[in-house]
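Two complexes are shown next, each including subunit A; its partner changes from subunit B in the first to subunit C in the second.
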Partner chain A sequence: MLEVAGIGKDYRVDGGVFTAVDSLSFHVAEGELVCVVGPSGCGKTTLLRMCAGLLAPTRGTARVDGRDVDGPPEGTAVVFQEYGRSLFPWMRVGANVELPLKRLGLTRAERRDRVAEALRLVDLEGKEQVWPWQLSGGMQQRVAIARAVAFRPRLLLMDEPFAAVDAQTRADLEDLIRDLWSRLGITVVFITHDIDESVYLGQRVLVLSSPPTTLRAEIHIDLGPDRDQLDTRSAPAFAKLRAAVWREIQAAKRGAA
Partner chain B sequence: MSPQRSNDASTMSDQRLHSSRPRPRPVPPLLLGAAGVAAALLAGQLLPLTPLVDPRYFPTTGAVLGALADDLARAEFWRALADTLTAWALGLAIAVAAGAALGILIGSLPPVRAATASTIEFLRPIPSVALVPLAVLLFGTRLPSTLLLVVYAAFWQVLVQVLAGVRDIDPVAADTAKSLRLTAWQRLTRLAWPTALPYLMTGVRLAATVALVLAVTAELVIGSPGLGNEIAVAQTSGAADRMYALILVAGALGVLVNLGVRLLEREALSWHPAVRGDARW
Partner chain C sequence: MVTLARKTLLALGLPAALFALWWFASAGSTSFYFPPLSAITAEFAETWTPERWRDDVLPSVARLAAGYTASAAAGIALGVLIGRTRWLFHLTEPVLEFARAVPPPVLVPVIMLFAGIGDGMKTAVIVSGCVWPILLNTVAGVRSVEPVQLDTAAAFRLGRNRTLLAVVLPGASPRIVTGMRQALAIGVILMVVSEMFAAQSGLGFAIVQFQRSYAIPAMWSGILLLGCLGAALAALFTVFDRAVLHWHHRQRAEEV
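== the complex of A and B ==
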């Protein structure tokens, strides 16, 4: 589904060159939910932007469905951390969700159904006529997620989507993502700096190193498909996996090999 | 401490204090404004009766209002008012349409923006009045003369604002539009245009005022038909009261124009943080 091969990004800074991402290779299979964690400033967002076709890599390639990414790929949706800036404040919730559907050649009724369905999926049924800024932060991010799933993407890229919401809302949104993922059968790549979140959500966690970034470790999360905020997080297996990811990140911070 | 907060505190801590001492209500601003206008009118009435000013050049409020009443009954006055409003509205419409279209176009094409920036910065500060000789050469003393000055003055106000607006597109919103694979038309109408709209409305507000100033100025200086021309005629014929009456009318137009544009702004930007409910109440 998503193949990243030797991808890297250099930035020019003050006449020199800063290698943000050195070389990263990994593969995400169809229908997988993969989390990417790493120490802060490790180029997680750079990686996601290259996969999303929003940033041209300096070397290497990202391939979605076997096709090289040289612009935003068809069937790929991105959910950004800054929901308040990602939703258009001049459009009501329904219009925001409907906007990307307009070029799909659907009838007005089909679009309306899809919007209603997407809003139902994120527990915002009937909120079409509300303005985004009348909603809480967590609800705004739900709208952004509804907009992303409304055009039925096969790949969902999420860039620290819950970093700006409170802990309680965050737990709800995490469960929402697990739920959407299992119901819709989409492939999800979830970028986060939160170790617990990555273990709770993912089937697999990719740990990145500090810049120049490489893939440091890959940890399989064998917690099973049914996860629960209380039971899963208090299970011994969760603690072990969490510790494993934590150790890798600490080592990455120290720059150990 | 704000009165609101001290009020809350007293409600919570001491009921008796709260009920026994009602706060004096502030005078409504509208009333204060009306009082100010009344005072100005009264001063205008009394001053010419003192030796301080010469009533020949500064007639009493009563005389001016009398001249205004006479004018309101004359067809020429209404024709002049219509001429001025026509020049204003037509000139403003042309300036806004051209400024918005060119602003969006130039703003969305970085090479064009870079190529035109210095030319715009050179042309913009040229006072419109400096074009009077050109206007007279081209159009004589007819309406297009006024239009030329109005459009030139108002156009830059709009263009510069729209250019700033297009530059202000939020990078996250731009990334969102790209990742949603919105069409170029959707990006223009759903992202660039709404982002630039608050700036455009500011430009329209400035342009509307400037357009009125230039319309009256052009009529006054060139002698093209309108209120400005009537003011010049009143002045040369020694009808000071009528001159002031017409100046009052021009002032009232300015107030109405500003009011109208502000209403339009609120209507067009109901979603904007500066206009919408949550930021205000």
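== the complex of A and C ==
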């Protein structure tokens, strides 16, 4: 589904070159939910932007469905961290969710149905006529998720989508993502700086190193498909996996091999 | 209801007070150049006959409307182009700042040279002043559209036209409207100025004529009419602003 091969990004800074991402290779299979974690400033967002076709890599390639990414790939949706700024304040919630559907050749009724269904899935049923700024932060992010869901992407890329919401909302949104993922059978790449979140959500966690970033470790999360904020998080297996990811990140921060 | 009455009272209070002040202060005036306001208002009805409206006021307003519309169309179109094209922005920025700094009235004789002395010249003068605030504000507005919103549009592959119409223009619209508001004030000034050179009709032309024929109360009545026209246009613009930017005003009012 998503194949990243030797991808890297250099930035020019003050006449020098800063290698944000050195060389990263990994593969995400169809229908997988993969989390990417790493120390802060390790180029997670850079990686996601390259996969989303929003940023050209300096070297290497990302491939979606076997096609090189040289612009935003078809059938891909992105949810950004800055939910308040990714929604369009001049459109009501319904219009925000509907906008990407307008080029898909759907009838007005089909679009309306998709919008209603997507809003229902994120527990915002009937909020079409509300303005985005009238909603709380968590609800705004759910609108952004509904916009992605209504689009029916095959690949959903999420860039620290819950970093700016409070803890309780965050737990709800995590369960929402697990639920949508298992229901819709889409492929999800979820970027986060939160170790617990990555273990709770993912089937697999990719740990990145500090810049120049490479893939430091790959940890399989064998917690099964049914996860629960209370039981899963207090299970010994969860603690073990969490510790494993944590150790890798600590080592990454120290720059140890 | 109470607040609406209060607002109306506040809005009309100062003009009414100033009018009354003018009225009483000038009541006993024997000065030729500053006649009593009562004389001016009496002259008003006599001067601004339906024929004068047809021959002077309407042509002025029509030229203003034409010049202003052309400025808005050109300013927004070019502004979007420049704001979206990085090299074009860096190429044109210094020139635009220079062009904006040139006071438009000095261009009148120049524009007369190639546009003659007809309606075309007067409209061109209005455009020469109105286009800059709209253009520069559009450029700034387009450049300040949220990068995340542009990324969202790109990620969903909205395409160039839909991105422009659904994201870039609405995102830039608060700045564009600001530019259009500035341009309106400049347009009224240039409408009058352009009619002071080689004109046969228009509000500015009529006022200059009154002045030259020492019809001082009529001249003052023309100035009063201009003021009212300006105020009416500003009120009309506020209606336009509320319609286009209702989301913007509501967001600012409701967001905590």
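Quick notes on this one:
Here is the rule we use: the second predicted complex is superposed on the first by the 257 of 257 C-alpha atoms of A that agree within 3 Å, B and C clash if a C-alpha of one lies under 4 Å from a C-alpha of the other, contacts with A are read in each partner's own complex, and residues count from 1 in each chain.
FYI, contacts are C-beta pairs under 8 Å (C-beta built on N, C-alpha and C of every residue); 3 or more make two chains touch, one makes a residue touch a chain.
Remember, it's a predicted structure, so these values are computed and weren't measured experimentally.
In the model built by aligning both structures on subunit A, subunit B clashes with subunit C.
Looking at the shared chain after the overlay, A:P100 reaches both subunit B and subunit C. Within the superposed three-chain model, A:F80 lies in touch with subunit B and with subunit C [touch as defined at top].
Taken together, the two structures place residues 49, 52-54, 71-72, 74, 76-78, 80, 82, 85-86, 88-91, 99-100, 102-103, 131, 133-134, 151 of subunit A in contact with subunit B in one case and with subunit C in the other. Within the complex formed with subunit A, the subunit C residues making contact are 146, 148-149, 151-152, 154-159, 162, 166-167, 170-171, 173, 247-248, 250-251, 254-255.
Interface of subunit A with subunit C (complex): residues 49, 52-54, 71-72, 74, 76-78, 80, 82, 85-86, 88-91, 99-100, 102-103, 131, 133-134, 151. Those residues of subunit A that touch subunit B in the shared complex are 49, 52-54, 71-72, 74, 76-78, 80, 82, 85-86, 88-91, 99-100, 102-103, 131, 133-134, 147, 151. Of all the residues in subunit B, the ones that touch subunit A in their complex are 170, 172-173, 175-176, 178-183, 186, 190-191, 194, 197, 271-273, 276, 278.
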